[in-house]
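Before any comments, here is the structure.
Letters are used for the chains, namely A, B, C and D, taken in the order the chains are written, and counting of residues starts over at 1 for each.
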Amino acid sequence: MTRFLWPVRVYYEDTDAGGVVYYGNYLRFFERARTEYLRHLGFEQDELRERMGVLLVVRSVNLDFLRPARFNEQLQVSATVETLNKASMVFQQEIFSTSSKENHHGDGEQSVVYCTATATIAAVRATDFRACAVPAEIRTEISRER
Amino acid sequence: MTRFLWPVRVYYEDTDAGGVVYYGNYLRFFERARTEYLRHLGFEQDELRERMGVLLVVRSVNLDFLRPARFNEQLQVSATVETLNKASMVFQQEIFSTSSKENHHGDGEQSVVYCTATATIAAVRATDFRACAVPAEIRTEISRER
Amino acid sequence: MTRFLWPVRVYYEDTDAGGVVYYGNYLRFFERARTEYLRHLGFEQDELRERMGVLLVVRSVNLDFLRPARFNEQLQVSATVETLNKASMVFQQEIFSTSSKENHHGDGEQSVVYCTATATIAAVRATDFRACAVPAEIRTEISRER
Amino acid sequence: MTRFLWPVRVYYEDTDAGGVVYYGNYLRFFERARTEYLRHLGFEQDELRERMGVLLVVRSVNLDFLRPARFNEQLQVSATVETLNKASMVFQQEIFSTSSKENHHGDGEQSVVYCTATATIAAVRATDFRACAVPAEIRTEISRER
């Protein structure tokens, strides 16, 4: 399965007084990666809404916070469609860095995972938020990519 | 002129890695106080939009950050309509605390001002964001209050 | 088990262009309720940090988004400690409204649930984010309350 | 004077139920551009804090909201140091797009300005937020660039 990657920089806006990224803001990072993955496939969510009256919404998400990310870090956010159903899809996602600071042994890059998510995304009608089918063209592109 | 007050508690979500309230979040606090002032006068902004097709938007704001507010502080946010025009109004606002911690001289409460704002709010049509008159009933209530 | 309740109003800052509360912002509401529950028990998190060097952080959270909450709604956020371990505790939480708008049948209030969460909170040392025991006085107060 | 540019995409997290960017979030975009400008000059704010004990904070900002930016738009954020003082500096900033959608007359790109800011940034000591001199190496690099 394709693993889409999107870079995210940690700004002051993302952190809290604990000195690390505020726990709710990881959901922003995960959504940016999903949005950019769909854009990469050729889909703009504002056009989906205008042309087809469809919104993609999050039905559920399971988050594990493994390690705090800090101000100014350069992160990578992954997005992989693990399951593709008729009216929904399940993304597996990770936030990690490949910092050379973490590793002084000269044995190459080392990945540090900060947060993981399993997110179920459903298609709904923009007018009343009722469940509907994921547009066929999106399902086709995701299937092709996988 | 009436000075409306609204309490705001500083949560982790409001702070940044500097240990203080993130500078952009004061705009949230100022808006909460303006919204609650209008509610206090009897106006709900969702009803204004549905019933009259009017949104109240911020045209400009001048902010002075005097002193950083910290995690867990209990703040007061003021809202005073200083000028009332046909299509806009100007609010004077302050964020302050009346902490007894600040004063060990036994001479009562002392106000510490963290941030001040002058905000110009304009009425626009929800459909195209074009300027329109502030609804007469709002103007009447604000005038009466003052 | 005691079910602590905290009211939250939906402001513009909480919503997104879908016209509903942004999915990541429910985590803010859940945290406000947990913070106020601890304050209700007598614990201020800034004092815990200064006095004992302890932070309470979220280790994992499972979220179900059942129905979108809209701009200007008055919500209730619950917080119940379901499990109390030595170094962590598990909260069950709900965001709901008891709107009379939902019910025109004259049969009293009806609760509408928007979002539910299971959140595992762990104690860590503020200096290095290493796991530590939940302070005994907090465990005692939570046990007494339950 | 050099005009530094930084691209910003509008995600759902940035918008509100009015369908446009939440007014307080423009301050995030302006700060990202200032941060990236300093990084471009060779300065990382976490290192400034650790190495020199200095934070750069916003003392005041004047914002004009000219036109609402919408979900999914690709924006440009500018940052120009207009005045460089011993303990502070004044940035002129703009948020705009160079959308071809705005112009169907075949006469090239057209810039649409959404928001402008004048921001005064001061250096303070991280320990007590007291004013201090802007580090000489930063002043030198900014002067050279201009």
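One rule holds in what follows: a contact is a pair of C-beta atoms (placed from the backbone, for glycine too) under 8 Å apart; a residue touches a chain by one contact, two chains touch by 3 or more.
Everything numeric in this text was worked out from a predicted model, so none of it was measured.
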Query = If you average the Cα atoms per chain, which one ends up farthest from subunit A?
reply = B
Ask   = If you tally the C-beta contacts for A-C and for C-D, which one comes out higher?
value = A-C
Query = Could you state the distance in Å from the CA-based centre of subunit A to that of subunit C?
reply = 24
Note = Per the C-alpha means, the centres of subunit C and subunit D lie apart by a whole-Å value of 34
Message = Multi-chain contacts only, two chains or more: what residues does subunit C have there?
response = 12-13, 18, 20, 24, 28, 31, 70-71
Message = Quick check: in the complex, which residue numbers of subunit A touch subunit B?
response = 12-13, 15-20, 22, 24, 70-71
Task = Spell out the residues on subunit A that touch subunit C in their complex, using ranges where they run on.
result = 18, 20, 23-25, 27-28, 31, 55, 57-65, 67-68, 126, 129
Remark   = Interface with subunit B, subunit C side, in the complex: residues 9, 11-13, 28, 31-32, 35, 44-46, 70-72
